[in-house]
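The two complexes that follow have chain A in common; it is paired with chain B in the first and with chain C in the second.
Let's turn to the complex of A and B:
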């Protein structure tokens, strides 16, 4: 049985392995190779060996470093907002009530909607001429004549809020699932001991939510850090680079400037960061499993 | 008692109110798609349309390239769903039912693949596909979607397969069934709803995908729906009515699929990502 079983095991995994090798590993290795070349499409049709010069350029590229900082702000902002919205809805929807079953499904709609739809809907709500939300903000004196999305000092805040709006349901369902797994008796015992709602939240609910919150923040943080769609569709990184994230910068180098090698160098740098993120993530998982 | 009932009512009302505020952009998108253009511009605060029209939808339907894009999106999303689910079933079977030396490596490989964001893969994949003359080509686009869809699908299917007791396989094998028969005659039928749910989820991923479609599908005939919507924004003086109708049309399939299958997907997605 033993050897036959193991041969069959390899065989059934083979198609997935081929996909991984051809569409995952090979492109990554190719990208690493490209990052050591000079390939500017307008100058040559094939990559030319360039050594470490691409990386020197990367280290000296102030626009890139500014994008990096901006991406960190965007990521932290997105995750923090997602957590606040997610926690609020998870607590509200955890109550046993007939309407909550329906609402828990409906709340997922922003997360399910394709990013092009989300981006256009918000662009339109914030439009300086026709946007309903823009007009409300304008009435309250929170924005001027121009849309938030063309205001260099506020555009990043606006796209961050939209990104959190779209991602929050994922946080909500993860927190909600954890809340539902907390035994009722814990609260009953606490109530007997005279703990009010706030103390029940502080000493029972919140500590029990910490592990899932950390893991979800990391997952949503990686998603945010490597995101592209929403910002590209809403602002293209503008106005004057106010929303230029790393992903958008990479895409610009690749698609608009035809700097294939430099885009690959940025891609490799982003992959290295991902390695760091995922070792933190795997470390956390291991800690949870042994705990 | 009445106090408690009042409290429940107050909580229900607050929850509904907050969810409505949160969903306001979506409600508004659907509502605007049914409004005549004059109302979209003239009465943007009406949450319910004053008069209902389908003209936005007919304009979108007849816009240049829309029907091509609909066909392209359907083809690429269906093909991706079928191919990804098939490969994922085999891989999940291998990880769930066999013991072999590289199993741990393979499982880690799937996890690593799941963490790969599209943006760090876009340069090499597009360059490779350009060299293979697979730009403006549904097959080329589908190849990139294998990378996006496969890891999640393997993970979710493995989760469901692990719940089916291996004793069932062993009983069938004593009766002379082969591995292939165990998979196709016993395991897949037992987890058919979950399998369809995973296929639906993969369909959704491919249906709404933007980055790779944008990078690969540049000619008018090869565009998928998100790109067709984008083209509609550029080509005309902004026709918000038509754009909202397009947004609704693109949102409907994933929304329906997700609501229908959410029971299967939510458990799989949260456990897949949280338990690892």
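Let's turn to the complex of A and C:
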């Protein structure tokens, strides 16, 4: 009886497994295979075994390492801004009012808007000739005549801020849900003990937000690390590589330079980096929870 | 437990091996001999055709041509699939690696060498010879001079020209008159002087692109060829490490850095933004193709009758323009190469499909013999203005003129030269930019 039920279970599970193998596992395995080959589309229509040479090339590629450093800044910056914005909005929306009920829906707009729309909108807002936001910044003397996106020293900051603007609602909703689950009694007890608002936030709210913040940061961090579309539309990795992230670099290698295998090698390296980081990150979280 | 783990791992490794083996199967079927048909008798031979335009008039022109062709050839079924220009490179790369190429497609003239080099294209030379025999003349003599650099590779033809395009100088005659300037600039030095005179608080003398995008190189090519610079040297490596190229790069970037005659966001501006500025009356001069007239006519500014066209200015080494365009190509591995060729022949024949198909793109056709016919479709005064584009085609050359197209060009043009232009506009010295540019080009050429 038990084995029959078990067989039926596997049978029900099989379609999902097959789909996963085909669309999840196969591309990853194929990418790993490609990373050990040399497939330069200007020389060959098929991959040629290359061993570890692709990885040696990767280690010696200075543009890649610069992109990696930029991607770390972009990822950490995006997540940090998303957390700050998300926390502020979540605290604001946690108060019960009619406006907040409407705002809770509206605040999701940047998150649900397609990246292409967000990117074009912000590109025009920051345009030196037509951009409304640029004009405001210009009037306050915060920028010169040219757009932030043309300035190599500020372009990364600008696209990071846009990325955070898009991702912050997701953080807001997660933090808001957690805030609403904190029992009111905790705050009442703290008030009886003489805790002011700051101390209530510091000793009750913030510690209880940490677990969800950690998980959300990991999810949003992974999304930011792999990001491509927003930067590609806004700057194409420029000006002068100032916003060249790993995702953009990988795209260029594949579609512009026809370096199919090298693009795969970069992809595998990104995957391994994220796996290692996620494992350490979640391991530390687990350790903290059990301590 | 151990056995279960071992067997799972074993299955996983087997699966990975099987998938990898599948992946290593050649993407392309072996080349078929010209003339071999594989279609069963009585079943129309199917020809899949990738067309890159999304404009309804162009699609309609192709649909009409296909209908006409299928009436003449009831044994052939042409299936047109729309692949937008912006996506064609990605789609072709993906199709190449998965073996899902069409029989016939349009192709940017700049990438023909790339696909020819890896054996993905079928040579059209045997077909052209047969066509020339039928016509009683060498049909390739009718191609525009610059197209030979794109399509005649290793002594064989790989594309049949559909459209060609070159750039000219659009200028506002009313602003010229206000500034007391009688003639459009004839040299690059004149252009600079005129642009300075025309720049006011409301209008920039000229808009030049500086973004990492095709228009930057397409406009800059006019300048560096005119200054006598060459993409490749005699050894087939980077030819830009010369005083001529440095002078050209200095000239182009000084329009932004020193003269301030082009908008502040120039390093990030491409066609999209510059055409908008032109349509809003914020530019006195702009270099582009004839197709922008449609956008300007739609915007319908009051100065539209004062919009004139002039030849691209000449440099110290002469007058050169950028030559764009696209042919139809026959992909190797086509199930019905002869049927596919019949479609290419019909669509690019100046006496059959070509005039009607080429016209809606607002660009000259790929054959010189029907250039006047193309021009006559426009009414005066536009006809006289558009004549400058035809005249310009006599000076139009590819990026790597006077060398034939190289397979690496498509990858180099995308970011190498454009990055150098943008870098200098953003503060890098010309010398450093040229050094980096040549390193990048030589690195790619040595690969």
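Please note the rule applied: the second predicted complex is superposed on the first by the 277 of 291 C-alpha atoms of A that agree within 3 Å, B and C clash if a C-alpha of one lies under 4 Å from a C-alpha of the other, contacts with A are read in each partner's own complex, and residues count from 1 in each chain.
Note that in this section contacts are C-beta pairs under 8 Å (C-beta built on N, C-alpha and C of every residue); 3 or more make two chains touch, one makes a residue touch a chain.
Please read all numbers here as calculations on a predicted model, not as lab measurements.
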**Request:** Kindly classify A:30 by the partners it touches after superposition: chain B alone (first), chain C alone (second), both, or neither?
**Result:** both
**Message:** Contact-wise, after the overlay, does A:80 reach chain B, chain C, both or neither (first, second, both, neither)?
**Reply:** neither
**Request:** Have a look at where A:152 lands relative to chain B and chain C in the superposition and call it first, second, both or neither.
**Result:** second
**Prompt:** Of chain B and chain C, which one touches more of chain A's residues?
**Reply:** B
**Asked** Who does A:189 touch here: chain B (first), chain C (second), both, or neither?
**Response** neither
**Request:** Tell me which partner A:260 touches in the superposition: chain B (first), chain C (second), both or neither.
**Result:** both
**Prompt:** Once the shared chain is lined up, is A:46 touching chain B (first), chain C (second), both, or neither of them?
**Reply:** second
**Prompt:** Is A:239 touching the first partner chain B, the second partner chain C, both, or neither of them?
**Reply:** second
**Item:** Partner chain(s) touched by A:114 [first = chain B, second = chain C, both, neither]
**Value:** first
**Request:** Jot down the residues of chain A that show up as touching in both complexes, chain B in one and chain C in the other.
**Result:** 26, 30, 34, 130, 254-255, 260
**Request:** Please give the residue numbers of chain A that touch chain B in the complex, ascending.
**Result:** 5-6, 8-17, 19-20, 23-24, 26-28, 30-31, 34, 85, 88-89, 92-93, 95, 97, 99-100, 103, 105-110, 112-118, 120-122, 124-125, 130-132, 135, 165, 173-174, 177, 212, 215-216, 219, 222-223, 226-229, 233, 247, 250-251, 254-255, 260, 263-264, 267, 270-271, 274, 278, 281-282, 285
**Prompt:** Touching chain A in the complex: which residues of chain C?
**Reply:** 15-16, 19-20, 23-24, 26-28, 89-90, 93, 96-97, 114, 117-120, 211-213, 263-265, 267-268, 273, 276-277, 282, 407-408, 410-411, 414-415, 419, 422-423, 426-428, 444, 447
**Request:** Please give the residue numbers of chain A that touch chain C in the complex, ascending.
**Result:** 21, 25-26, 29-30, 32-34, 40-47, 127-130, 144-147, 149-150, 152, 235-241, 252, 254-258, 260
**Asked** chain A touches which residues of chain B in the complex?
**Response** 8, 11-12, 14-16, 18-19, 22-23, 25-26, 28-29, 40-41, 44-45, 86-88, 90-91, 93-95, 97-103, 106, 109-110, 112-113, 115-128, 143-144, 146-147, 150, 154, 179, 183, 204, 207-208, 210-211, 215, 226, 229-230, 233, 240, 243-244, 247, 250-251, 254-255, 258-259, 262, 266, 269-270, 273-276
